[in-house]
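Next come two complexes built around subunit A: one with subunit B, the other with subunit C.
Showing the complex of A and B:
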C-alpha cells in the first residue's frame, strides 16, 4: 500500500492502482470519457481528467497515472489550474458537438450531458459553423453512427482492436476530420459488435433496435440473466410499457466483465414475434388443431399421460429453469413412474473439484481448448476470456480440426487420453504436452457435446493436478443455457436415468421447449409416440406431430434459477409478464392431478450469492473413461457441423440479426480445395446421403486436410461424410 | 564567433557520399575506436560531450541513452531508432546530412547501437525524401559490404541489422512515440508517457530514439573525445549545429555553426542580409513551432540557454527570416493551418483547438473579427498550451500567441480597419497555405517523375 494525497485527503491505495479509482475510493470524482480500464492501458486522449500533480509544471491526465507513494494530486475541486484545464477540455469537446440532446437517444443517460451540466460552460464562444458529416451512417443493420456527436474517445475502436480483436472499427483521416469508420466500409459483422453501443459516452453509436423507442425516464431496468447460452451474462432488461425494449449488460466481473454477445443483446424481440403460440392447442380427430381453454388443454394432457401408463419419455431443452425442470422431473418420476429422459447436457459431479470462475481463464499460463465446436459459437464470452488470456501472455492452444493442433474430428476424448498418458504422446501433441507439463495454472475448455458429462477432460485435469502439481480449472461448455441446472434437477429428484427405448411404440412423449422440439432424436421419438405433449413458443414440425401444445415462455418472462457453465446458480427475474400462465404454473396444476404437490412460485434462494469453492478437494473416484473409437474412414471428406451462435428460433425472428446468420458456406482445407480445383468464393456442390446442396466454398488454411466444416443449418440431412465438387461449367452459367 | 564545421567538414570539397571518399578522410575510424572500448566507456564519452538532442527538444543524448537498461538486465531486445522524419516547417538540415555525409550518419547509427547494446536499428525516413532514401540505402549497402554493419561487425562478434522505413507523410510521426506507432504498422498517433521509450518503446522494448544530426555527431565526439567536444560552443550548449536559414534572406541554406553564434552573424554576415533593401521585422529561430523574436532581438546568441532567456527555443535550428512586407496575421494563419492539418486527432485540445484557431485567424485576416474574438484567440492558445497529449498542440499555440504578444498593433489594425493593412501586398499573399496546397495537389495530380515510377511499381507489385 502507498500513501497518496488527493485534494488534501490522505488515501491508502494499492501501489499501481489507477488514480481515477483511488480518488473514487474516497468519494472524489475525476471526470473521464476515454478512460475505461476494461479496454486495456489508458490512452489519455480526451484529457477530461486533467489534474495538478505536485512537482510537475503541466497538468497531467490523471487516468494515465497510478498510485505511487507520496504523490500529491489536486483535482478541479481544489486546484484552479486543474479546474481551468477541465473547463477548457469540455469547451473543446462541445465546440463541434451538435448539442441535439432533445432528439438524441443518449439524452438523459449521457456522460457528456451529465459532465457538461456539472462542469461545463453555460454558453458557447464558438461563432463558426460546426463541423458536419453525413449522418446517421448505418455501420451495420444493428448500429447507427452519428459522426457529429462523436467526441473521438476511441473506446469503440479500442474495443474492436483489443477486446474482441475483430479489428473492424477504425479511425480514419486525421485531425479535426478524424472519423470512426469500419474497415474498408464493410458492415461491422462480429459476434460482439453491440458492446460499442454501451461503451460510447455520447450518442454517436446507437442501436437501430432502440433508436427513438424510449426515454430514460419512462423505462424500467430489470436485473436478470441472459438465457441464450451457458455463460449466463448478467443483464438489465430495459422495459417500457410492459415490453422489453433493449438489453444492457450488468457487469459481473467474474462471469463476463460486462461484455455481451449480439445474440444476447439483440434477440429479445422474439418475445413479440407474430407467430408466437398464445393459446393452448389440442388435436381433434379429423379437424386438426383447435384452440382450447387452459383447463381443456390440461384435461387432454392428463388423459393422454394416463393412457400411457409408465411408458413416458421426457425431452428437456436445457432452457428450463431449475424449478421448472424439477417440477417436470417430479411429474415424470413420482407421478408417472418413469425415468426415461433426454437431457441436452449431462454433467459429471466430480468436475466440481475443478470449478473456477470464468475470469480465472485470464490468469492461466496455458489454456487448452478441446472439441470440434468453435468456442465463440457455443459460449461466446468464453472466447473473450481466452483472448484476454492470450493478451496476458498465456499460451492458448486449440486442438480441433481447425486449431493450432489439427486434430481429427471427434477426437477430443482421445486427445485427453493421449495427453494423460504422458509417455507415448503422438508427435503433433508433443509440444502441447510439454506446455501443459511446465504450466502452473491451466485452464481446460471442452467445447462439444459430451455424453459422459465431461469425464474425459476431468480425468486429464486430475492427472495434471495430481502429477503435474498444477492448478487446474475445467470449463465444460454445455450445449444449452441451463443444461447443467436441468441435469442437476433431474438427478436431485430421483436416481439415475434411462435412455428412451430405441425402437417400438412409446406411450407418451413430453417435449419441453423449442430446442427439444427441434432435436432430430425427439422427432424420431414423436413418430413412435401415441401421445405427444409439447410446450413451445413457436410452431415447428414437431408441434404438428403433437396432440396437446401449450404456449411456452421465454427466459425474460420467468422467475427462477439458471446454473451457468461455471456451476454458478443465478436468478432470473421476470422482466415482462407473459400473456398466459408460465410453464411452472401449469406444471403445478398438472402435477396436482397426479398427486404431486408443486409450488407454482419459483423461490430462488440465497444460493445465487454462493461463493465458488476453491478447487482444493479432488475426488476422482470413478474409473477412467474410455475414449470412443474413431469414426471409420470412407470416401469423401469428413463433415464437422458448426452450431452457429446466430441461429435458432429467437434469432430467426429478428430482422436486424439476419446479416449475422451463418453464410451458406462450406469451409475447406486449402489442400482439399486445390486438388479439386476449387477457388475461394466459388459455388460448389456438396453431396451426402443422397442430398445435394449448392454452397459457397470458403478456404481455411488452418483446417485439417480431409475435413470440411458447414454450419449446422446448412448441413441438414447430410451424413458424416460428404463429397464436394465444383459446379460443372454448364450449371454455373 | 568563427565558423566551425564538424559534421559537414570537407563536404563542400569532396564527395563523401561514397565509402572510399569517406574513408579517405578517416571515416569509420571512430567506429573502430568504439568497438575497442567497453560500451560504458563509449557512453561516458557521450555524457562528457554533453551533446543535446538536435531534433528539437534538446534533451541530453548521453543521459537519454543511460536510461536504457543494460542488455543483460532485460529479456527484451533493445532497439535504436534514427528519427529522420524531418518535417518541421523551415527545417532541412537532416536532408543535407543524409545527402552529403550519409556515411557519417551511418557510422553514428552503428556506434550508438553498439553503445546501448542493440542488434537492430531502424531509420524512420520521411516519405517525401526519395533521393535521400536512395543515398542512404546505397551508403548502408556499401557499409554492409565493408563489414561496418551486418553480421559480426568488424570482427567484434556483434551483429547489427539496419532497416530503413519510409514514412507515409505525417508530421506527427516525427514525434517519437507517434513514430514508434507508425513503425509498428499502426496509425501514427503519440502514446502517453510514461512509460518512456527508453523503458518501453518499439514493440514494448527498450528503445533509444535520436535525431539524424544527433547521431551524426557521435563519430565526431569519439574522434575528438567527449571532453574536448564539450569545449566547442558555449556553456550548456556544446558543439555545432547545422542551421537551416530561410525566408527573406539573400543566401538561404544550411550553415554549420558553433553554438552561441548570434542571429545577426548568421543572417547578416553569413546569410547576406535582407534582400531588396527591406527591413528585418521578425525572426523565427527554431522552426515554425517556436515563439517569434523581433528585429530588436537579433543579437540573441543561438544557444539553448540564450534562446530560453529570450522566451523562445532553439528547436530544430530552422531560422526563418521575416521582413517588413510580411503580415503577421497571415503568418499566424499559415502556421495554424499547418498544425491543424497535421494534428493527429487523438487528443481533444489539439484536434478541436487548432481548427478553432484557424477559424479565428481567418476571420481576423479578413477584417471581420471583433475585439472580443482577438481575446478568444489568445484564450484558445492558452487553453491548448500544456493540456495536450504531445507537443503538437503547443507547437500551434506558442507561435501564434507570440505573434499576438509581439505584434499586437498589427492584429489590432486588422480589427480596427476591417481589412488586412497589407492589402494583398504581403509577402505571403498568394502563397498557398499547406491545407490548400494539399488539396491542390490532390486535384491536379501533380506528377513527380521519381514518385510516379515508384507508384507504378507499387501498383504492379500489389496488382
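Showing the complex of A and C:
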C-alpha cells in the first residue's frame, strides 16, 4: 500500500492502482472520456482528466498515472489550474461537436453533455462553421455513425482491436483528419460489434434499432439475464410503454465483464414478431387448427394426455426456467407416471468439483479447448475470456479440425483419453501434454454436444488435479441457455430418465418450446404420437404436427431462475407482460387436472447479481469413460456442421440481424481446394446423401486436410461425408 | 498472387510477430500493384499477416509513402512544412502546378506525373525541398521548376 494525497485528503491505495480508481475510492471524481480499464492500458487520448501533480510543471492526464508513494494530486475541485485545463479541453472537444443534443439519441444519458455541464465553459469562442460529414454513416445495419459528433477517444477502436480482436473498426488517417471507419464501407460484421454503442461517450455511434425510439426520461430499465445462450450475461432490459426498446449490459465482472454479443443485444424484438402465437390452437378433425379459448385448449390437452395413459414423452427446449421445468417434470412424472424425456443437455453433477467463475479463465496458465464447435458460436462471451487469457500470456490451445492442434472431427473424447493416459501420447498432442503437465492453473473448455454429460473432460480434469496437482476449472458449454437448470430440475423431481422408445406408437408427446419443436428427433417422435401438445412462440411447419398448441413466451416475459454454464443460478425478471398466461400458469392449470399442485407464481430466490456457489468437495469416483470409436473413412470430405450463433427463431425475425447470419459457404482446407482447382470465393457444388447445393468456397489455412465446415443451416440433409467440386466443371473428385 | 503471399511471409519470418512486418509488406504490395494500394492489396496483405484489411488500410492511411489512389509513373513531392514554407514553398508548388497543369494531389491526364505536398522531408537547412521519384532536389526556387519538369518529361 502507498500513501497518496488527493485534494488534501490522504488515501491508502495499492501500489500501481490507477488514480481514477484511487480518487473514486474516497468519493472524488476525475472526469474521463477515453479511460476504460476493460479496454486495456490507458491511452490518455481525450485529456479530460487533466489534474495538477505536485512537482510537475504541467497538468497531467491523471488516467495514465498510478498510485505511487507521496504523490500529491489536485483535481478540478481544489486546483484552479486543473479546473481551467479541463474547461479548456471541453471547449476544444466542442470546437467541432455539433450542438444537436435535442435530437441526438445520447441526449440525457451523454457523458459529454454531463461533463460539459459540470466542468466545461458556459460558452465558446468558436465563431467558424463546424466540420460536417455525410450522416449517418451505416457502419453496419445495426450501428449508425454520426462522424461530426465523434471526439476521437478511440474507445470503439480499442474494443475492436484489443477486446474482441476483430480488427474491423479502425481509426484511419492521421491527426485532425482521423476518422473512425471500417474497410471500404464494408459492414462491421462481428459477434460483439454492439458493445461499441455502450462504449461511445458521445452520440457518434448509435444503434439503428433504438435510434429515435425513446428518451432517457421515459424509459425503465429492468435488471434481468439474457436467455439466448448458456453464458447468462446480466442485462438491463430498457422498456418504454410496455415494450422492450433495447438491451444494455449490466456488468457482472465474473460472468461477462459487461460485454454482450450482438444476438443478446439485438434479438429482443422477436417478442413483437408478426407470426407470434397469441391464442391457443386446437386441431379439429378435417378442419385443421382452430383458435380456442384457454379453457377449451386445456380440456383438449387433458383429454389427449389422459388417453395416452403413461405412454408419454416430454421434449424440453433448454429455454424453460427452472420453475417451469420443475412443473413440467412433476406433471409428467407424478401426474402421468412416465419418466421418458428428451433433455437438450445432460450434466454430470460430479463436475461441480471443478466449478469456477468464467473470469478464472483469464487467470489460467493453460486453456485447453476441446470439441468441434467454435466457442464463439456456442457461448460467445467465453471466447472473449479466452482472448483475455491469451493477452495475459496464457497458452490457449484449441484442439479441433481448425484449431492449433488439427484433430479429427468428433475426436474430443479420444483426445481427453490420450492426454489422460500420459503414455504414448500421439505426436500432435505431445506439446499440449507437456504444457498441461507444467501448468499450475488449467481451464478446460468442452465445446460440443456431449451425451455423457462432460465425463470425458471431467476424467481429464481429475487426472490433472490428482497427479498434476493443478488447480483445474472445467467449463462444459451446454447447447441451450438453461440446459443445466432443466436437467437439474428433471433429476430433482424424480430418479433417472428413460429414453423415448425407438420405435412404435407413442401415446402422447409434450413439446416444450420452439427449440424442441425444431429438433429432428422430436419430429420423428411426433410422427409416431397419437397426441402432441406443444408450447411455442411461433407458428411454423414445426407446430403443424401438433394437436394442441399453447402460446409460449420469451425469456423477457417470464419470472424465474436460469442456471448458466458455470452453475450460477440467476434471476430472470419479467421485463414486459406477455399478452396471455405464461408457461408456468398454463402448467399449473394443467397440473391441477392431474392432481399435482403447482404454484403458478415463480418465487425465484437468486440475487440480482448472483454469486457462484462454491465448488463441491472434491470427489471424482466415476469410471473412466470410453471414447467412441472414430468414424470410418470414406470417399469425399468429412463434414463438420457449425451451429452458428446468429441462427434460430429469434434471429430470423430481426431484419437488422440478417447480415450477421452465416454465409452460404463451405470452408475448405487449402490443400483440398488446390487439388480441386477451387479458388477462394468461387461457387462450388457440395453433394451428399443425394442432396446437392451450391455454396461459396472459403479457404481456411488452419483447417485439417480432408475436412470441410458448413454452417448447419446450409448443411441440411447432408450426411457425414460430402463431395465438393467446381461449379463450372461439375466434375466431382 | 501467391508470389506476393510468399514474399510477405518470408519478410514476416524475420520478425518475432508477423504483424510487425506490416510496413515492408505494404511496400511489397504497393510495388506489385503499380505504385498504389487498391482494396485487393489490403486483402492480400491481411491474409499473409493474419490481420484484417481494415487494420492494414488504417496503417497505410497514416503514412505518406503509401498511396490509396492511383498515382502517375513519376512522383513530385513538395515539402510545405514550416521551414520550406518560410522560404517560398507555396510559390514553388504553384510553379509546379502551372508547369504540369494539375493541382496538388492530382495526376497529369497522361498518367505520367503526380504532384503532391508532403510533410517535412528532413532537409530543413536547404528549403524548399522537392522530392522527385525519391531523389531530393534542394533548395528549389520557382525558377528551377521548368527545368525539373523538362528532365522528368525527357526521362519518360
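What we mean here is this: the second predicted complex is superposed on the first by the 715 of 733 C-alpha atoms of A that agree within 3 Å, B and C clash if a C-alpha of one lies under 4 Å from a C-alpha of the other, contacts with A are read in each partner's own complex, and residues count from 1 in each chain.
The rule is short, and it goes like this: contacts are C-beta pairs under 8 Å (C-beta built on N, C-alpha and C of every residue); 3 or more make two chains touch, one makes a residue touch a chain.
Nothing here was measured: the structure is a model prediction, and the numbers come from that model.
Asks: Between subunit B (first) and subunit C (second), which does A:95 come into contact with in this model arrangement: first, second, both, or neither?
Replies: first
Asks: In the superposed model, does subunit B or subunit C contact more residues of subunit A?
Replies: Between subunit B and subunit C, the winner on subunit A residue contacts is B.
Asks: Counting only touches as set out at the top, which of subunit B and subunit C does A:248 meet: first, second, both, neither?
Replies: neither
Asks: One more residue to check, A:2. First (subunit B), second (subunit C), both or neither?
Replies: It touches nothing on subunit B or subunit C.
Asks: Let me test your reading of the model: by the given contact rule, A:173 touches which partner, first (subunit B), second (subunit C), both or neither?
Replies: After superposition on chain A, A:173 lies in contact with both partners, subunit B and subunit C.
Asks: Just subunit B (first), just subunit C (second), both, or neither: which does A:72 touch?
Replies: neither
Asks: When the two structures are overlaid on chain A, which partner does A:182 contact: first (subunit B), second (subunit C), both, or neither?
Replies: It touches subunit C, and subunit B stays clear.
Asks: Starting from the residues of subunit A touching subunit B, keep only those that also touch subunit C in the other complex, and list them.
Replies: In subunit A, residues 170-171, 173-174 are touched by subunit B and also by subunit C.
Asks: Which residues of subunit A touch subunit C once you look at their complex with the stated criterion?
Replies: Residue list for subunit A touching subunit C: 161, 166-174, 181-184, 186.
Asks: For subunit C, which residues count as touching subunit A in their complex?
Replies: Residues 39, 42, 51-55, 57-58, 61-62 of subunit C touch subunit A in their complex.
Asks: Give the list of subunit B residues in touch with subunit A in this complex.
Replies: Where subunit B meets subunit A, its residues are 170, 172, 187, 192, 340-349, 351-356, 359, 363, 373, 376, 383-384, 386-389.
Asks: Residue numbers of subunit A touching subunit B in their complex, please.
Replies: 42-48, 50, 57-59, 61, 64, 84-85, 88-89, 91-93, 95-96, 125-128, 131, 151-152, 154, 170-171, 173-178
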